[in-house]
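For clarity, chains are labelled A, B, C, D and E in written order, and residue numbers in each chain start from 1.
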Amino acid sequence: MVAKFKGQYGTGLESWTYLGQNYLIVDRALIPDILMLLRDGEQFDYCVDLTAAHYPTREKQFEVIWILYSFERNERVRVKTSIAEGDSIPTAVGIWPTANWLEREVYDMFGIQFAGHPDMKRILLPDGWKGHPLRKDYGILQQDQEWVQINLGIESGQ
Amino acid sequence: MLEYIKSYLGSNLTPGSAGNMLWAFVYIALIFLGLSVAVIAMNWLERKILAHMQVRLGPMRVGPHGLLQPVADALKLLLKEDIMPAEADKLVFWLAPLIVVLAAFAVFTVVPFGPTHAVTDMNIGILFMLGVSSLGVLGIVMAGWASNSHYPLIGALRSSAQMVSYEVAMGLAVVSAVLMTSMNAQGTGTLSMIGIVQAQQQQGVWFIFKFFPLGFMAMGIFAIAMVAETNRAPFDLPEAESELTAGFHTEYSGFRWSLFFLAEYSAMIAVSSIAVTLWLGGWLRPFPNLLGGPLWDLVFSLAPGLSFLALGAMAAFNTFRMPRHSFFRVQTVGLALFAVLLAMIGVLMLAPGVRERVQDIFWFCFKVAVFMYLYIWYRGTFPRYRFDQLMRVGWKVLLPAGLGVLILTAIVGVLV
Amino acid sequence: MNDPITHSLSHLDLNTKDETFLDSNELIINMGPQHPATHGVLRVILKLDGEKVLGTECVIGYLHRGVEKIAEHRTYTMFNPYVDRMDYVAAVSNGLGYCQAVETLMNVEAPPRAKYIRVILTELNRLASHQLWLGTHALDIGAITPLFYTFRDREEILKIFEKYCGARLTTHAFRIGGCLYETYDGFEREVKKFLTFVAPKIDEYEELLTTNRIWVERTRGVGYISAEDCIALGVTGPVLRASGVRWDLRKAQPYAAYSDFDFDIPIGENGDTYDRYLVRMAEMRQSLRIIQQAVDGIPEGPIMAKIPKVIKPPVGEIYHSIEAPKGELGYFIVSDGSTQPYRLRVRPPSFINLQALDQMVKGQMIADVVAVIGTLDIVLGEVDR
Amino acid sequence: MNPVATPFFFYLLSTLAILGGVMVIVRRNAVHSAIALIVTLLSVAGLYLMLYAPFVAGVQIIVYAGGIMVLFLFVIMLVNIDRSMKERAFNKQWWIAIAAAVALGALFVSVFVKSKGLFPERGLPLAEESNTQQIGLYLYGNYMFAFEIASLLLLVAIIGAVVMAKKRI
Amino acid sequence: MVPITTTHYLVVAAALFVLGVIGVLTRRNVVIVLMSIELILNAVNLNLVAFSRMWGLHGQVFAIFVVVDAAAEAAVGLGILIAFFRNKETINVDEIDLLKW
């Protein structure tokens, strides 16, 4: 599978295995094609999860991770890509409808925009909240004081 | 004065028919009082019986076995803040519970607790009962509209649609029972509640058994329709807690809410008494044919007293089962007093003079109580219908069945 | 309709004029966050045409506690109790998933006896979770009695938990590397006694509901979802199986000691609420079978693997998932070699299953929304984390 | 049944009926109008009872107050628009209407004045007990044909109402 | 007190009739116009029943027919109203003055 992909796309695609779990590191530009191919060509028809991680020290700060599963092959694969702050990434809603809320959550928590998402807004936090809490520079006690004061009428949510 | 009362006791007319205003007011007061007590008792019984069906104890704290719970509830409701939503239509919001209660209580003017124990005997009695009980839906619609909120509005729309549709099936079932009254010696039927029971007495058969299974089917249709008519489980969609929070009375609280509560339970009692009057022989004692004769009459006339004695014995038994701890002393004494009270009522009812007068009322209330128990039983057993299913049951099952029973009753009545 | 809530309705086109009975009657109803049928603080905005649902939008996050953020500031051991607070009715399953994920990351394995204890407790927890689901689901549909029956029997399970680890709900039963506690005296006996006690009780629930005409009418054909839609929406657990997909992680990718046991995966055919009910009832019986086998075959031996005092997994990342009562519960952990996870992501089954609500209720009636929320078996603690 | 305090009840009921009628036409809010109309209908039912027409009274309560008025309230809720509360409640040509109505009232008054003695108090001995039976005999005897026509009319009305109100049949 | 004669009832009926006519002629809200028509029908019914006390039960039978007619009229009238409201968003009579839509 990986060999086939490499033949097709050349660089911009690496495959790794850690503790028996496979993952692909894919260039951002190839993301929509690879995801489509994984679903249609390799039967990864079930998008288990979609998440991200923040590495403030890297040049491309964010890593977006798709976890896929194939019922046919009983196999999991992870697809990862790195993007910089402010970059957007094409949405996967058209490929797996599951991605709808998951992408909203990633946006909510990390501030990563998904281009083409039908309803890109916060999901867990309130609509007017400022900041994206799962970024590493967002402290664990930090909160949107202004929002708390306006909407809850208290000085602090703690 | 005493002579006056005595002369009345011998009368065989209802106060309304006799044109006796004073006695009519006394009867109204008695019925109002009895109804309030019945609703309170029903509240306690429903909670207790439902609890025992559901492997729990129910109210146990206020008074022995929670006997004083309804009183505490009533006090709580009266003392609660009476909230009126700011956007509500004040006048209609205020009027709605009154209409509901009025409609539920006015019905009882023609309910015959015995051959002379009714406020009045109208010759359109059953028509009056159906008509007045259908006025309650106006109050419900008004309550839902006046609250100016979505849940009550949907609840009210559901409720009115439901009650109007089930009234049709209910009416058909009633008509087939009324048809049966015309097959007596004189050959004339009657709409009067007392007349219907007397027709059953004359013909020597309760209408539930007449033209078997036609009478039974008619009663079945009525028994289903009456549950829907009073918005009780499994037809409790207007107040479906899990869907509409509380339906049309979502915005009501305190005393106004308790009026709705009162109306719901008295409406249940009212429709049950229609069913009892039409099909179960009203105040007549069971098995008049099988177990006839003066000896059996005597035995059955002992039943009211004996059942109260049995209740008293139950209370006494439970008094001895109370935990022997000083903490429970008040409760134990209370339960013992309650047992003594029941036993005294029982003994009083065994006395020869009282016995004959009380047994009519006893049998009527006993039959109504059976229906009340059924209401509780349904609530413990059935899930709730969905709105389209409810309408389907009403229009596609009960209405054709009611029409069929009516036509068959007419045919059989002509042929027999 | 000048409603304050309409501004948040974006995908429900409020200006549609066709396909309605009476345009003025298009109601927007706000269901929740305080509503008896939303199982917590779920808020559903319903667009109604009379009784018919034209569209829904879920508003969640009222119970958001930032579990994933907390994880980044706690050591692996310290974070263990937090996972119990996600799906609080199936806390044992959450703990199992987390412990196994960290074990996989550290490349250690729990000893067999620990695995068996884990299986017994997890299956008991699955039973408790399904019982709670059944009670509340039946209550939503209007049958109040099953709730009390199921709670009575769930109590016995909670008693076993309490005796084992001292807590009833948020158990924190397992530790990374195995179990902290040995089974108490008479554990096997009590579990066996419970099995013989509960089997007839499950028949009792079925007696109340399975052939109850109103129950069948209320649930059959309601909230239909096809197998394809389930997979596309990532819906897992009993909901997926009721649509006819025989997929259970306990069989597909066995973890703990599940490969030792003989059990079936019940599936449904129609993918409606009634089938989901039947599947969950059958799953309760299968759980009993697994527990029976596990109790009979529990091996002797240590209950804790050799793990360092300070847990410092090597640099790397791992995804591990288990079959929780609600579906696939996954943990994605990124380790930077320190004592705290660099990033911990929970794949919550309730959150993803809830996404299917809109599709399942469209075109049905208000009462069905309640039934479908119940049948999805969501726990808001897990949806919002 | 001996009528009790007949004049008192007559004046009470007719005052209520007329007050209700006035409220029907002056209230801006249609729901209030409907409630006023219910009051009128029930008072008229009471008047029927005083006229020894219990069956008609019962029909009045069941059909009018229980049926038609619920329909009215239902429709008012369906078409309840706040706009109509702020607009004019009356037509532009209201004064012509009032004039015509006053003329009509004057006509009635003159008829009543002129016809004094035209309506002798015959007071037929109508048996109240058999009122329902009598009406039934008339309905299924003399007026059989009219009865059937009425039922046909109702059927047509049902179909017509459904066709009118439902967009997709 | 003056004994209640038939004329008393006729006066009440006439008052209700005039009120109904005023309602029909002046109100803009169709629902209230329909209710006024019910008032008129009730006035007629009251007359019929009052006269039936003098000339036998025929009046009461006729009153029942009038009630049937009122039910039919209300159902169809409200049906038309709903159909109209759906298309025109208004329930005012003076805006329903075109013969087609």
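Just so we're on the same page, a contact is a pair of C-beta atoms (placed from the backbone, for glycine too) under 8 Å apart; a residue touches a chain by one contact, two chains touch by 3 or more.
Note that this is a predicted model, so its numbers are computed, not measured.
Top contact pair of chains, counted by C-beta pairs, is D-E. Centrality by C-alpha centroid: the chain sitting nearest the overall protein C-alpha mean is B.
Using the mean of the Cα atoms as each chain's centre, the chain most removed from chain B is A.
The distance from the centre of chain B to the centre of chain C, each centre being the mean of the chain's C-alpha atoms, comes to 45 Å. Note: centroid distance chain D to chain E, computed from Cα atoms, is 6 Å. Computed from the mean C-alpha positions, the centre of chain B lies at a distance of 36 Å from the centre of chain E. The distance from the centre of chain C to the centre of chain E, with each centre set as the mean of the Cα atoms, comes to 62 Å. Residues of chain B in contact with at least two other chains: none.
Touching of two or more other chains is recorded for residues 82, 85-86, 89 of chain E. Looking at chain C, one finds that residues 22, 24 touch two or more other chains.
Of all the residues in chain B, the ones that touch chain D in their complex are 16-17, 19, 21, 89, 91-92, 95, 120, 122-124, 127-128, 130-132, 134-135, 137-138, 141-142, 144-146, 153, 156-157, 160-161, 164, 167, 188-189, 191. Residue ranges on chain C touching chain B, taken from their complex, read 27-30, 35-37, 51, 138-145, 147-149, 152, 208-209, 212, 214-215, 217-218, 365-370.
Interface residues of chain B, counted against chain C in their complex, comprise 50, 53-56, 150-151, 154, 158, 233-234, 236-237, 240-245, 379-389. Put simply, chain A touches chain C in their complex at residues 18-19, 21, 45-49, 51, 53-54, 65, 67, 71, 74, 76, 78, 96-98, 100-102, 109, 118-119, 121-127, 133-134, 136, 138, 140. Per the touch definition, chain E reaches chain D in the complex via residues 1-12, 14-23, 25-29, 31-32, 34-36, 38-39, 42, 45-46, 49-50, 52-58, 60-61, 63-65, 67-76, 78-83, 85-86, 89, 91-94.
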